[in-house]
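Order as written gives the chain letters A, B and C; numbering starts at 1 within each chain.
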Amino acid sequence: MIELIDVSKTFTLHNQGGAVIPVMERATLKVLPGECVALTGASGAGKSTLMRVIYGNYLAASGQVLVGGLDVAQAEPREVLALRRETLGYVSQFLRVVPRVPTLEVVAEPLLAIGCDKQVALDKAAGLLARLNIPKRLWTLSPTTFSGGEQQRVNIARGFAHEYPAMLLDEPTASLDAQNRETVLSLIEEAKARGAAIVGIFHDVGARDRVCDREINVSDFTPGMAA
Amino acid sequence: MNEYNFAYLDEQTKRMIRRAILKGLAVPGYQVPFASREMPMPYGWGTGGVQVSAATLTPEDTFKVIDQGADDTTNAVSIRKFFENTAGVETTEETEKATVIQTRHRIPEAKLREDQIIVYQVPIPEPLRFLEPRETETRKMHSLEEYGLMHVKLYEDISQHGAISTAYAYPVKVSDRYVMDPSPIPKFDNLKLEMDAIQLFGAGREQRIYAVPPHTKVVSLDFEDYPFEATKANHPCDLCGAEDSYLDEVIMDDAGNRMFVCSDTDYCRSRREVGHVGRLAKEDAA
Amino acid sequence: MTPLLQVKGIEKRYGARIGCTDVSFDLYPGEVMGIVGESGSGKSTLLNCMAGHLEPDAGQVIFDTRADGPVDTVTMSEPGRRMLSRTDWAFVHQHARDGLRMSVSAGGNIGERLMAVGDRHYGAIRDRAIDWLGRVEIDVTRVDDRPTAFSGGMQQRLQIARNLVTGPRLVFMDEPTGGLDVSVQARLLDLLRGLVREMGLSAIIVTHDLAVVRLLADRLMVMKGGHVVEAGLTDQVLDDPQHAYTQLLVSSVLQV
């Protein structure tokens, strides 16, 4: 479902004398449907960079980034947009939303974007918000004013609203209490059970051990750090 | 008489104006530019109409001039005198007898015939100017038949006044093509624009001539739910009793007394001559 | 899928000076593209060439018309192009007074395009004008007020309503939030985003404000000196800019 073949990533800083900084070399990995892979490695090793390359947020310098058969590194913007809409979900650590949009609609949006019936989408969003213990009185408010933990849960609800066949999870259990952590882990397990291919960053070792099938140490791809 | 060419203008100028008139008749409602001449009267006194009349008159014509329907106001008298002096044509106050009628702001009540020509004095020939001041743009709008703006004006009327308050110079569409300003005639007269006579419009200051040939379709613009209405004061004429003519309101004193009289003085006079009597006819005679 | 708009090799010169040159891209239905660059980069020239306000010296602007499919609007007849700009196209000017009739009421401003395409029922026109005032968050009791009595943000929202009332498929926007207070900008962007989504609009937005494109645009084109120096997904171009100029542009934004 997700396959990287010899992917490298460099940053060229044109405004700092054209310095070329290689950050990733020959990254190769493969994640099958129903599989969850954890990215590990020291801070700065390039875990987030790799996630962003897969999402198309960073442009790979060479190699192939295949998600659902599409090479993200070469695809047209509209193909990547369609991929993000239908196939590839991304739960980041931070919620980025337009002000004034009610929480319920923020969560339902990925479903509406793929043409889901509005009521069905709102019902599903409501179900997820309830599971993640967001008080019902907050649903009609914009999440911009919520606490950090509440925003994180809204973000997760939004990320799991549509059943993406492939998902990227960036610290999904960070800053959650035990009960909500449990809910998120079962959401991940359900996603695996329905066949989603998942790549994640988990600093929470317990969570990693519970949901991940294997680990990939990104230090192996870090230039100058490879053994 | 010897000092002037017939009807004041030189023959070359008359040819130029006639060409513009013919073009105007061939393209009903289209504003034809022409090289307006200096006339021995100020702009706003009917220089456009006078030039069209001068180019239209023949020695055999009988000429009538009305101003707001009246034959005896300064403007009408001056122009009538002007052509008596420069063309030597016969003049009349009777609509029936005239072959060329120059008018400011009215159409006579009597039905005009095929052998008559009516010449309108036009101050502003461009109906779209109210909302679009650029002449380049309005000419383009005419050529491309983009007339939505005309309805914006009527929309504004209704939204500000509850009804289409435009009472004169009410825009019309001629022969399903050009939107035209019928000159500042009251909208009561709009229905008469479909007539048997030739209608010529002259704007001297703006240097435009346009025309409506006999039996041409002329439709007043309106909305489906606010249809065009040819309104007049709801009153009979106090002198001749006519109920079908456009009326002027005359304030009689400072006690609020007023009377309504036909704006078309010839129409009113001819009705009284055959015995029609209005509410205040006697007092007026006394 | 047929692109809604295909721009091919557009060039406009002002004498020896380049306005914009060699610009090509496809815009698909529902896509919103931002064009960014500094003043004089050619982004407004390009927008005006595409919208038919300027005649390009070379190139094609092919629009997928409802009736006849893809047609080059550069060589199309003027009546056809003007009809397009009243129906399927819309243009939102930076200065609302360039896009509004300041002597006509808000309702008349919104109704103009409807009347231009033949609507002749006053009540229906007014109802739609009122509906649109509500959609752009202007108090509907102000339907008979002239835009001269409106604030800058209200004028801009009125201009948007006036443009969108005929349900266009492609909207050109020239610095739609320029000259507005930041709080007013945010509200306008939010509104635009909602309308784009709701109506399935395609849009081309010229701006120098990167926050505007981050919020509104799916795709981004960066221009400098009349050339397109970089194009791609908005978040990719902003988060991982490849060209020196784009890097400078992105790094020049003050972080709040």
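Definition applied: a residue touches a chain if its C-beta (ideal position, glycine included) is under 8 Å from a C-beta of that chain, and two chains touch if they have at least 3 such contacts.
Predicted model, so just to flag it, every value in this text is computed and none were measured.
K.L.:
Based on which chains are in contact, what kind of graph results: line, ring, star, complete or other?
P.N.:
line
K.L.:
Would you kindly say which chain has the C-alpha centre located farthest from the C-alpha centre of subunit B?
P.N.:
A
K.L.:
Using CA atoms only, can you tell me which chain is the most central one in this structure?
P.N.:
The chain sitting closest to the overall C-alpha centre is C.
K.L.:
Where the centres are mean C-alpha positions, what is the separation of subunit A from subunit C, in Å?
P.N.:
For subunit A versus subunit C, the centre distance works out to 32 Å.
K.L.:
Quick one: report the Å distance separating subunit B from subunit C, using the average Cα coordinate of each chain.
P.N.:
Their C-alpha centroids are separated by 46 Å.
K.L.:
How many Å are there between the centre of subunit A and the centre of subunit B, using C-alpha atoms for each centre?
P.N.:
For subunit A versus subunit B, the centre distance works out to 77 Å.
K.L.:
Once bound in the complex, which stretches of subunit C touch subunit B?
P.N.:
Touching subunit B: residues 78-79, 82, 86, 101, 103-105, 107-108, 111-113, 115-117, 120-123, 125-126, 143-144 of subunit C.
K.L.:
With touch defined as at the start, can you tell me which subunit A residues reach subunit C in the complex?
P.N.:
Touch list, subunit A to subunit C: 11-15, 52, 56-59, 77-78, 80-81, 98-101.
K.L.:
Sort out for me which residues of subunit B touch subunit C in the complex.
P.N.:
On the subunit B side, the touching residues are 131, 144, 146, 148-149, 151-152, 155-156, 158-160, 222-226.
K.L.:
Under the definition above, what is the set of subunit C residues touching subunit A in their complex?
P.N.:
Checking each residue of subunit C against subunit A gives 28, 31, 186-187, 189-190, 193, 215, 218-219, 232-233, 235-236, 239-240, 242-244, 247-248, 251.
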